[in-house]
Amino acid sequence: MEHLGLLLPVVDLTSAVVFAVTGALVASRKSLDIVGFMWLAVVTGVGGGSVRDMLLDLPVFWIETPSIVIACLVAATVVHFTWHLVESRYRLILWLDAAGMALVTIAGTAKGLDAGVGAVVAVAMGVITASVGGILRDVLGQEASVIMRREIYVTAALCGAVAYVLTLALSSDRYVAAVIGAATAFMLRVLALTLGWSLPVYRPRESSTRANGGSDR
Amino acid sequence: MEHLGLLLPVVDLTSAVVFAVTGALVASRKSLDIVGFMWLAVVTGVGGGSVRDMLLDLPVFWIETPSIVIACLVAATVVHFTWHLVESRYRLILWLDAAGMALVTIAGTAKGLDAGVGAVVAVAMGVITASVGGILRDVLGQEASVIMRREIYVTAALCGAVAYVLTLALSSDRYVAAVIGAATAFMLRVLALTLGWSLPVYRPRESSTRANGGSDR
Amino acid sequence: MEHLGLLLPVVDLTSAVVFAVTGALVASRKSLDIVGFMWLAVVTGVGGGSVRDMLLDLPVFWIETPSIVIACLVAATVVHFTWHLVESRYRLILWLDAAGMALVTIAGTAKGLDAGVGAVVAVAMGVITASVGGILRDVLGQEASVIMRREIYVTAALCGAVAYVLTLALSSDRYVAAVIGAATAFMLRVLALTLGWSLPVYRPRESSTRANGGSDR
């Protein structure tokens, strides 16, 4: 019954650290002190998984495995003191973040399936694990959140989770399904980054509607 | 012991869809893509009930009943593709939202009572169910939240929940109490919308106090 | 095994009221109505402890003890109607807040230890209890949150929690540890307030990096 049982701790740790680095990046952009780095790193690193575990009424993963929190704190400290040495931080962080997103999407979906929920809720858990940490980071860091920006991010997580669940239904080999799901999420995100892809946005019917938008409610 | 047991699933579904539509409205105002519509619709639709269930340590309602999430996703999709056909969206959505708010206030209060909490906490659960989804929607959509706007919204939910608990204490007929509670919340909200009611706001004693407000902390 | 068992309810109530007053202060600054005061007071008063309890999968403290919510509502009402009588509100509130922060840091850390978690997670629980209520207050009130401001606040809570855990490891007298921990947090915060202390902030290596910061991601 255990989906990806052995890989989950490794994925949890790796992706928490990657997400923590993106949190520390926002902290560096806002010129915060080291405790601000730590706070944003930990919230980004473990926020998505915490909400997932509380929704599923499972023990929260970092309370069971405090080394994940310590790893986030170390990541925050390292970024605080050495980040200025790293060139071209922007590209690097986006690629790492894409990899982390792909991994936790599958890990979150698998954890949902392990908890006995159906496919729809499991996919929701994958998307929540992948995006809630970043959303909390952006709300706390007062940046436009990943939902508001026109990028393929949540979409990539959603497609990866769906690909994982579908492959699992067809093949029942969970490692194959995990590789296909994670590759789907990662490649969609990387292609979107590289090619500047985005989904079509909602457009009001006429300009007058938009002009009235601000006072709509 | 079951308060409104049979009606709860219907109310949960109906009000989640209504709230989801208000989430999709914010997404349309922000010109998001369809995944942004879906995300805001689901968060607004199930956010309040999720927080209520986690606080009460009950199974989260949409994990037990995934069709609610699917209904929110369908609502988001329909709004994304057909909203421009609907005239006078502003009024419609406010009336629907008032009805949804009235329903979930009572459903949330009843769920609290079913869980064995006292009247004060049950009223708090009603208010949380009615308002947290909208608050999350406004924070994620970067709009002034319902708390900051000077409208009778949380107040209407509060009065409806109190009316429900009081009527229940007097009559013990929970359907009568539910009708009275929901009618109180709905009518207060609709009257406030129609007549432009609002509560008096806090005013600083002298203008110098206000002038200093920005640097106060 | 019970850490500070007898003192916890008193600390929970006292600090919830103090935090509630800081929530009501933000409501007064935003000229909200009395329900807005109540909402911000309750969220600030019980938000940190609620998140702590949900993360630890413990019963949420104010659901067990509704008088804490009532106390927050009373505090909101009193502030709404009498605040203009109080002179020099700024200083008073900062000192009260420092005391509340110090108390709940220790109470939150102790509750974590009681729940059987290790030192790192217990310290995290102390910091979460001390800061999440204020963070929710600032996000909902649309103010720069305590994380973004350059003050010793989370740092003081962190040091207090660490001092408590360390003293406990050395002396095993939990009252001595609580006094030392709370004093550490309180004095650090008060000294920071009095002397204008802050931690060094992250500085980009060269001005060109900063100039590009806004378009970084």
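Going in written order, the chains are labelled A, B and C, and every chain counts its residues from 1.
Everything below uses one rule, namely that a residue touches a chain if its C-beta (ideal position, glycine included) is under 8 Å from a C-beta of that chain, and two chains touch if they have at least 3 such contacts.
Just so we're clear, the structure is a prediction, and the values are computed from it rather than from any experiment.
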- Task: Give the chains in contact with both subunit A and subunit B, ordered by label.
- Result: C
- Item | Fraction-based call for subunit C against subunit B, same above half, different below | different
- Message: I'd like to verify one number: the distance from the centre of subunit B to the centre of subunit C, where each centre is the average of its C-alpha atoms, in whole angstrom.
- Response: 28
- Please set out, as single numbers or ranges, the residues of subunit C touching at least two other chains. 54, 57, 139
- In the complex with subunit C, residue positions of subunit A that touch it: 25, 27-37, 39-40, 42, 50, 54, 57, 59-60, 62-63, 66, 69-70, 80, 83-84, 89-90, 93-94, 139-142
- Query: Given the complex with subunit C, which residues does subunit B contribute to the contact?
  - Reply: 54-57, 117-118, 120-121, 124, 131, 135, 139, 144-145, 147-148, 150, 154-155, 158, 198-205, 209, 213, 216-217
